[in-house]
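Going by the order they are written in, the chains are A, B, C, D, E and F; count residues from 1 in each one.
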Amino acid sequence: MPELTRMTWRETSGAARTAIALLPIGSQEQHSGHLPMGTDTMLAEAVVDGALAGLGGDPQVVRLPALPFGHSPHHLFAAAVSLRAATLQAVLDDVLDSLATTGFRRVLIVNGHGGNDEIMRLAVKQYSLRADVALAACSYFSLGTDAATPGHAGMFETSLMLAAHPDLVREPAPRPEVTPPPLFAEPPYPGLTVERHGEWARAGGSTDDATEASTAGGAELFGRRVSALADAIRAFDRATRESHAHLEGTA
Amino acid sequence: MPELTRMTWRETSGAARTAIALLPIGSQEQHSGHLPMGTDTMLAEAVVDGALAGLGGDPQVVRLPALPFGHSPHHLFAAAVSLRAATLQAVLDDVLDSLATTGFRRVLIVNGHGGNDEIMRLAVKQYSLRADVALAACSYFSLGTDAATPGHAGMFETSLMLAAHPDLVREPAPRPEVTPPPLFAEPPYPGLTVERHGEWARAGGSTDDATEASTAGGAELFGRRVSALADAIRAFDRATRESHAHLEGTA
Amino acid sequence: MPELTRMTWRETSGAARTAIALLPIGSQEQHSGHLPMGTDTMLAEAVVDGALAGLGGDPQVVRLPALPFGHSPHHLFAAAVSLRAATLQAVLDDVLDSLATTGFRRVLIVNGHGGNDEIMRLAVKQYSLRADVALAACSYFSLGTDAATPGHAGMFETSLMLAAHPDLVREPAPRPEVTPPPLFAEPPYPGLTVERHGEWARAGGSTDDATEASTAGGAELFGRRVSALADAIRAFDRATRESHAHLEGTA
Amino acid sequence: MPELTRMTWRETSGAARTAIALLPIGSQEQHSGHLPMGTDTMLAEAVVDGALAGLGGDPQVVRLPALPFGHSPHHLFAAAVSLRAATLQAVLDDVLDSLATTGFRRVLIVNGHGGNDEIMRLAVKQYSLRADVALAACSYFSLGTDAATPGHAGMFETSLMLAAHPDLVREPAPRPEVTPPPLFAEPPYPGLTVERHGEWARAGGSTDDATEASTAGGAELFGRRVSALADAIRAFDRATRESHAHLEGTA
Amino acid sequence: MPELTRMTWRETSGAARTAIALLPIGSQEQHSGHLPMGTDTMLAEAVVDGALAGLGGDPQVVRLPALPFGHSPHHLFAAAVSLRAATLQAVLDDVLDSLATTGFRRVLIVNGHGGNDEIMRLAVKQYSLRADVALAACSYFSLGTDAATPGHAGMFETSLMLAAHPDLVREPAPRPEVTPPPLFAEPPYPGLTVERHGEWARAGGSTDDATEASTAGGAELFGRRVSALADAIRAFDRATRESHAHLEGTA
Amino acid sequence: MPELTRMTWRETSGAARTAIALLPIGSQEQHSGHLPMGTDTMLAEAVVDGALAGLGGDPQVVRLPALPFGHSPHHLFAAAVSLRAATLQAVLDDVLDSLATTGFRRVLIVNGHGGNDEIMRLAVKQYSLRADVALAACSYFSLGTDAATPGHAGMFETSLMLAAHPDLVREPAPRPEVTPPPLFAEPPYPGLTVERHGEWARAGGSTDDATEASTAGGAELFGRRVSALADAIRAFDRATRESHAHLEGTA
């Protein structure tokens, strides 16, 4: 798997025209009492590396080092290392601009943290207006037709960490009840975003109970996330490899 | 229906503690050859006014004048009047900050233009970190369990305009074929955002065929959008009215 | 009167080369106890629409929807919905840039709120450096040789609202005395701007007494404002239509 | 005359509560073929120093060193050293904030360059919202009831330079005719700002003919500008010294 | 060695009051034909991890994940992934602000890339004005009394990479001569910074010849860099641990 | 000595291609009880003027008026007039951009204030990426092989002020002891920047004792600073005059 950090600049430059550049992004933030701060970054990297291993170099992907910090202002009450929204936008814009300057025409950002999602999608929309590129973005947990609500530091992430980094998973404690339940646990209406000040600090650090996570369930969930990302990369390649050649010079 | 623009400042100030402030936002951008530039703004306003009429003052809502301009950089090839993403973020942040300064605790933004969606959701997330408020945001077309893909200047919007502003709908022309189809017409993979430079200019101004829109179908679609928004407003009120009282002083 | 919001993009694009694009801007802010929050926006729109009706299409003007929010930080103590100076600058810059991209060569901003005045004039200066355009800006109340000091929520604005929106004018109360009088009521020296912290909150919401406003006086004042704007539009057209053709390609 | 640059910090700090801090601002830009680049800065300083000499320490004024650079983007075709509008705003905001931090309650900015005028007035408006201060701003050429249109590098400025820095005045050449005349020479309508791209480069470097300037006329004009500024400073002092004491603690 | 990415938030929060937080920063940029893009990041991490291993937990240090991207605009001609200066400033400011919010009082940034140096030192100066913290910053290559000029992709970095990541070092080619020599190779005067446009592209990718690097020399150089950093961490701890206790509450 | 402020624009423009433009920058900040606020600006100007007089026009230098304000946030507790870092960056960027627009190819910034140093060096690095120029920057006190640590308001600056502006030097008082000594007085480790909140306010206004400064010592120190700057200007000229001609058109 070609890693940009280990390649020389001529190898990088030589791959730019045809390869897809892939940037994983994550966060450093509280994940309840039993998961580590870097959970989102580690999971994004693990799913990416699993998918790239499965693809076996077809299509060709140049993997960038992960951005280990994300946008986690709602977790600053609990030791997060957070970039402001404008900062994360600027980082993504600078990385995209650097890659386009080098000659990359196709870039994919793979995200592991919910708080980065809109910022990332906005970043690829913005940059694709400025240069003749095809850009893609996804959160590994919401890819594919069987994507489930991933939650935060609950069953889903605990299961995946049991698969990817079992040594870093401590014993989860049962989740405390809070009344009324936090708005993100019971969304008032489909399609309506509701944000209430102080909700995370009030609700404790997780969205659902982690005690039901298991190693076996984690392995299956993890395998499905890896497959979905591999499929998404193939789909992005198909949608842009041929048509890009087809369209060359028209845009 | 209380409109902020027609109220005195004491009326506004007096309503702030209990009422929901509602800001419609839209765009001025190409909507193919048969719909007017202000389609998104007019539809957001029409759905909002329909929903508020239906609610009959319960819950109490103070409606702000619509922001008639949105983020439409992908339509600048075709006469759009567009705010940059940072500008729209700033406008929404300033409006939310003003309302919170006045004493409003609950604000809802109702959007009529796809290009505003992430920026609006990000704006309410950001501002809810800074003040003790409960903020909501939605796009009128993606509310409720039966929300369909609305498209742009195609069957959906043409139908709604036939219901809301029939005098402004010209005869739609059949949609030209483009090969390969634009990425937004055939998304490569569920959950994957893909943006290709120049796609809108290449694809023409609409996402699907408007010729099948009808007055009868428009009336039904419009009625459902109005109902969904009214339901969403009631749900937002329920979720924040009582719990807000309950939580008073804790956040 | 061609309104951009009701035109298709091809109609807009077709008019751009020769027509003047006109953007009204206003505010949402306290206007004492008897005038509504949207007074400045409504008056700017009323004067604009009166002037355009009087011009009868010569010169051709494409009227944009009004920006309903302005820069009113000095009224945030009293329910204003205010854009920061940098935000308003950005909005005006984006609108001007969009219009120039569409092909408009001549744009006029008509303002209804004192707090927007410098920002608006600065915006047209700045943008005219960047593109080959001729830009104009005015506040409707200070146009022409007989322009009087308009004040805020006093005799002038109350009179105009009696002419334009009599149903929205409540009974004005006599203005309370404050000692010392606010600096904006007694400017210390001609040409000297003096700003003292907290002056508006201290002085109450108006600059002079509204009780002398009358329907008859309002009609006359309103008619003169409409005429002055119509004259200014004609003068802008004369100054830029011929010379622009004359200069074509030289700048 | 107390100059901040020559005072120790304790002298500065000790004067802050009662004295008026005064900041001259100017520009470095083309002034036709016969006046030096620093004309605006030198004239602002000369008028300030004349006025302060005349006042003889009553009221007490602490004079800051002049900001020698201003906002002259329209003269960048001709060797200007120009600050962008946002930069000049930031410089003025930082200076005002520093002075308020030191304890100054009253600050006056005296400007010598037309292009700085709106930015300066906006800066004092903005800053007076943030701290309990009374701020004033003026352009030395538009003070008082007999203020005339000063023009640029024409009769007015040449006359003043003959009074203040005769050794720096070269022989003026007659002004070339340009057709059509520049918009700033023939404003289309009172109260209407019109800006056309490239107007200064087209019109040559001055607004009117400098050949009629004389030493005698310059001395009289200069004396009147000095008197007007001295009067304005006295007026600012009267308006804010007593009332400020009166209001102490209320704002 | 406590790594923040592997710690839970309570472990992080618990360590904040007494531990030093350490952030490595690097770059992704050309390092001639024989060293990988991530050289600066890898070397910063290797020196940090060597020093922390040597310190054995005294003083206590919480190591953050490295920021893998730096400010490399001068290498954008050759495949760099570069953050603009303002972006890197924002990232560092956000990280420092997050750590201070968590309760860290002492933070050290260890840099591996020359282009980050001023930005990093400026960042700690700026942030230390805003919060009651003691912040330190260094580039691993310029620490201690025996610090040599490190160069770029020449003898120094090649030697260190032979020690830290020998598998990633390709065969260096002799360095091409360029006439005149680049300014960074022959600085015109001690203490004078001189920057000439296009110098790196003209000079090739390195500052000096890498062919003399050896495994043995690399091991010694690497060991000295590790010792110097360990000494610097001890010195920072001594200077701030006691005095901070001593000063508690005074600043 | 050609001063830009006294030159006409054609003289400026004519000199641009070959001359070096030189911008002095300083500060207005506390310099203990015996030196004036403008010390840094006055010393930068005095050293510059001494060096230019010594050079006698070879190489040709166009001297800009000094920027009298610098970045002194650490002295805001004591009457400084300070620009924020971003503001100073913007000012320097705007000045460099203006000069390059005029046609200057070589610019030198000479600084008199430690707090400006990184910002100035960063500014010339940044701007040299954008235009085909050769830019230099130095602090007058750290030029040459015999540069000593200058300190602040201590022996070094007091000595130089005795040479340059003896009338502005008051009697220095002995420096109070503070325990522990400030970090800038005893740097913990070579190459390590350490910044502690509140250090300047705690340490008093100077870094070392000024009572040993003497007129004779000042004259010698001043002469050496003047010589070093003259040498640096000659070296900058040599390094860029010939090679620039040599390279013309290649970058």
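Keep this in mind: contacts are C-beta pairs under 8 Å (C-beta built on N, C-alpha and C of every residue); 3 or more make two chains touch, one makes a residue touch a chain.
Heads up on the chains, UniProt names are A, B, C, D, E, F = Creatininase family protein.
This structure is a prediction, so every number in the text was calculated from the model and none was measured.
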item: Chains touching both subunit A (Creatininase family protein) and subunit C (Creatininase family protein), listed by label; value: B
item: Inter-chain centre distance, subunit A (Creatininase family protein) versus subunit F (Creatininase family protein) - centres from mean C-alpha coordinates, in Å; value: 47
item: Separation of mean Cα positions, subunit F (Creatininase family protein) and subunit B (Creatininase family protein) [Å, integer]; value: 55
item: Subunit E (Creatininase family protein) and subunit F (Creatininase family protein): spacing of chain centres that average the CA atoms, whole Å; value: 27
item: Touching two or more other chains - residues of subunit C (Creatininase family protein); value: none
item: Complete ring sequence of chains beginning with subunit E (Creatininase family protein), oriented so that subunit F (Creatininase family protein) follows; value: E, F, D, C, B, A
item: Parts of subunit A (Creatininase family protein) lying in touch with subunit E (Creatininase family protein), wherever the complex brings them together; value: 4-10, 12-13, 16, 28-38, 41-42, 64-69, 75-76, 78-84, 86-87, 90-91, 94-95, 98-99, 101-102, 168, 170, 205
item: Touching residues (chain side subunit E (Creatininase family protein), partner subunit F (Creatininase family protein)) in the complex; value: 73-74, 85, 118-119, 121-122, 124-126, 128-129, 131-139, 142-145, 147, 180, 183, 186, 188-198, 201-202, 228, 231-232, 235-236, 238-240, 242-244, 246-247, 250-251
